[in-house]
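Letters A, B, C and D mark the chains as written, and numbering starts fresh at 1 in each.
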Amino acid sequence: MSADWTPFSYIVTNLARFIRPDEITFSGVNSTMPMLACLMAKKAYEWDFVYINVAGGVDPRPSKIPISSSDPVLAEHTASIFDNEDFYDLCCRGRMDLTFLGAAQIDGEGNANNSCIGNWHQPKVRLPGGGGGAVMLPTAKRACTWRTEHSTRTFVEQLDFRTSWGGFHGVVTPIAIFVKKNDRLALQSWHPESSLDEVKARTGFHFDHEGAEPTALPLPSEIKALAALDPDGAFERDAAVSLR
Amino acid sequence: MSSGFSNLDKQVSIAELAALIPDGASVALGGSFLHRGPFALVRELVRQKKANIEIIKQSPGYDIDLLCRAGVATRARTGIVAMEGNFGLAPYYRKAVETGALRLEEHACATLTAGLRAAAFGTPFQPCAGIDGSHLVDINGWKKLDDPYGKGEAVWVIPAIQPDFAVIHANEVDSRGNVRVLGTSHWDRIMSRAAKRVLIVAERVVDSEIFEQQPEVTLIPYFLVQAYAVVPQGAWPGSCWPEYEIDYAAVEKYLEPGPEALQAHLDAAPEALQEYAQ
Amino acid sequence: MSADWTPFSYIVTNLARFIRPDEITFSGVNSTMPMLACLMAKKAYEWDFVYINVAGGVDPRPSKIPISSSDPVLAEHTASIFDNEDFYDLCCRGRMDLTFLGAAQIDGEGNANNSCIGNWHQPKVRLPGGGGGAVMLPTAKRACTWRTEHSTRTFVEQLDFRTSWGGFHGVVTPIAIFVKKNDRLALQSWHPESSLDEVKARTGFHFDHEGAEPTALPLPSEIKALAALDPDGAFERDAAVSLR
Amino acid sequence: MSSGFSNLDKQVSIAELAALIPDGASVALGGSFLHRGPFALVRELVRQKKANIEIIKQSPGYDIDLLCRAGVATRARTGIVAMEGNFGLAPYYRKAVETGALRLEEHACATLTAGLRAAAFGTPFQPCAGIDGSHLVDINGWKKLDDPYGKGEAVWVIPAIQPDFAVIHANEVDSRGNVRVLGTSHWDRIMSRAAKRVLIVAERVVDSEIFEQQPEVTLIPYFLVQAYAVVPQGAWPGSCWPEYEIDYAAVEKYLEPGPEALQAHLDAAPEALQEYAQ
């Protein structure tokens, strides 16, 4: 095991670092990396948290790690089924501490476009849609996202369409970690093999970077936990993330 | 701070459970009439001489009657109140309303549910069908809103009702506080989602494995539950399906007038007779 | 077994006669007679209907007949629990064919007072409240009620408080059966031992009685079905209904 | 006429089940992405060359992709659409939207649920938390209403969405048409309450006694169900917990381009290979 980051471990581990003790934390559909982050946090840290997921699972003990982040194995050994209506309502009434949500484009306030590239009515590319976003991003206490591509077409000054507003608390890419500061995304740290200049060059909006520094290396417990989830590297290969 | 309850030490005595509820709290009570109500907890509120409690329940009976009799409840939101089972009106409740000792917000059962839904859904109000022509509209000052889409008819909306506590009597809990209810869940599900915190009185604790084998049966996940007490027969003198039925003789004795009858009733309750394994 | 009506059998049987084949029919709390009517109709008639009740039962086969009409034995051998939110929503969306609802006072339009005698704010008598009424009476396709007391204080020109509006389809008392006609309660028939004049004298509102006649006697199958539900007459004694 | 379905002859073939859905119908599909979708029924809609079908589902994927590929679906209300499981976007759906062949009403999952709730609750609209700042408001013309009680903040309301049909893939039915689902029910519960009628594709029929032993597990009572078909493996190439998992190889083959690949996929489906015991 290397003590260095891979682009894949960087994203998963830094998503896991957004999770806090005891909090109610959710991972949803189309969210393999957050799913891995939640499962990893359960193993890597000495504290526990309430992990609920879109398969209805509450602190499940899956017999294997599924490719689909909504796979019913994520409800194996759950003691209750907390179904879709239930976790949405929980979020709507302000009791979701942390949710992970996908995003295709992200602006400097941390809002998301999941809908389209180009004009919504005649899109160049029709994207999947925001799923939980438009309701969860403004109502969850914190929402975090990830992008495997860090570029000026994914981190933009102006979204093609604002599917969800409310501002992510945290964003992880292969080269950087942003955290909300004064209602804007601010750089918290960068991949040790990257640099502030590179993050600036590959980001389409201006951002505060006061106090930002290289990201702390993975802890042995984090490395071990992720290796246990992906022993033969299949998830890492499928994710196909690269630094550049 | 978590929005849920992840602690591992949720089992407390029924006295400790009641002690979590402060004077002045609004409390939604599970069950319906004489069926699966959290009656052990209700009696404990009486023993602890709580004051100014608000009761929220679509169809209370014995519970609200007892709380009125003891002067614990001073406010209530209800849909229908009776002892049921041939016992007719709830006499102490009736008297409390007639004398002004209990301030009533009279609902239809479904309007109370609508208010709980608004709280559970995180919205300020909830539309509810029907209601037209009812004088409940006047006493409650309910508002009717037009359909802004111009397709449906105007609809009454009920303001959100968020109880401080929901107290549910359950068949089974596991050690973490997951909750199982057998038979109808009455209004317990929406109460458990609307309230700020959930307290449970359970017939017994079972192994988590039982829950894991059929997670679909779990009504309330542990992280909504602040604490639970185990009181076998705790829904006495009501029923808890399929464990036991209504003890009609005990209800009759409860209805005898006078403070001695009340004390005798409290002293005959299962939680008063049991030594809690705790 | 007598082929004549008793005041008790008159009410229960004529409630049962409001039930129609295949329809979704509901009985609720504090409703022993409608409960008996539903259970009786299942036995007395050759057709079937969907019987749902407040105990969550759907076509239950109770091991005994409970005193409380919300008793969980009414969900014995049910194949599903149709809970309180569910049957109210069913009614609200217009798919409850027939519901039974209690009433303390009834006016000529078939509206109900279940709340109070006297002024609501300082009642002479605080009554139980309407339960389902204010939502179900206007939204069910048909709603029926019963009163064991037929008097000018129960059948009134002016309700002390209108808990529920919408107009009952049918009303049964020990001496009469009213059915809605042109948005008013009209006399359909009277107990053979009563008379039109008696019904008029004991009713506080004017009503149409065109075509009204003595109520048809109970069918053998109705008598047999009710006897099977109340073999030792306990329900009849508890109900303590009298003709006058 | 009854508002429910009390008939005793509900079991039909999958072809007969699909035949109940006319051209132009709006159809809510159960499940989510590749999990427990009524895919046998969806394929049968393709075989029967249905036209102008509206799909209502928070998270469709394979189903809507197939229906777009075959030209069956022309309208959709969805929250998120993808193949999931490393397959990324749903290519034929994407193309259908980009070319205008599919008219999309884009929702958040919870706004679609809000619309279904309005239909289930018999109200013209349903408030929904969040939504602020989303451009979905503009494309859908959603309205925001003030709290008429002056306590909460203004809230967005979603107009009622009443599908003509909800089609659910279930683990078990009994002969009357009671429905059991194991694991999460996704959005199936609210779909079954919002739709005018419910059609079921089930893995198997079990004795009613099984249902009666644990009625709490039943998701849909028989009287909401118009008809059902039994198709073991009918959620293929998706999963049906705990019976079987996603057949990833089959999904990959489905994604091969061309009409032959489509036909080969349809011909390889369980319902095409089975002779129905009927």
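Note that a contact is a pair of C-beta atoms (placed from the backbone, for glycine too) under 8 Å apart; a residue touches a chain by one contact, two chains touch by 3 or more.
In this text, all values refer to a predicted model and were calculated from it rather than measured experimentally.
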If chain centres are mean C-alpha positions, then the most distant from chain A is chain C
Set C-D beside B-C; more C-beta pairs touch across B-C
CA centroids of chain A and chain B: separation to the nearest Å works out as 39
Cα centre of chain A to Cα centre of chain D, whole Å, reads 28
Check: chain C positions touching at least 2 other chains come out as 56, 75, 81, 91-93, 139
Contacts with two or more other chains occur in chain D at residues 121-123, 128-129, 183, 215-216
Inter-chain touches occur between A-B, A-D, B-C, B-D, C-D
Counting only contacts in the complex, chain B reaches chain C at residues 32-36, 58-59, 78-82, 84-86, 89-90, 93-94, 97-98, 100, 104, 106-111, 113, 128-136, 139, 183-187, 189-190, 239, 241-242, 245-246, 248
Per the touch rule, the chain C residues reaching chain D in their complex are 21-24, 48-50, 52, 56, 58, 75, 77-82, 86, 89-97, 139, 141
The chain D residues in contact with chain C across the complex are 1-4, 6, 119-123, 174, 176, 178, 193, 208, 211-212, 215-216, 218, 220-223
Contacts from chain C onto chain B in the complex sit at residues 29-30, 32, 54-56, 67-72, 75, 81, 83-85, 88, 91-93, 111, 114-115, 120-139, 161-166, 238
Note: in the complex, chain B contacts chain D through residues 118, 121-129, 143, 145, 147-149, 151-153, 155, 157, 159-160, 181-183, 214-217
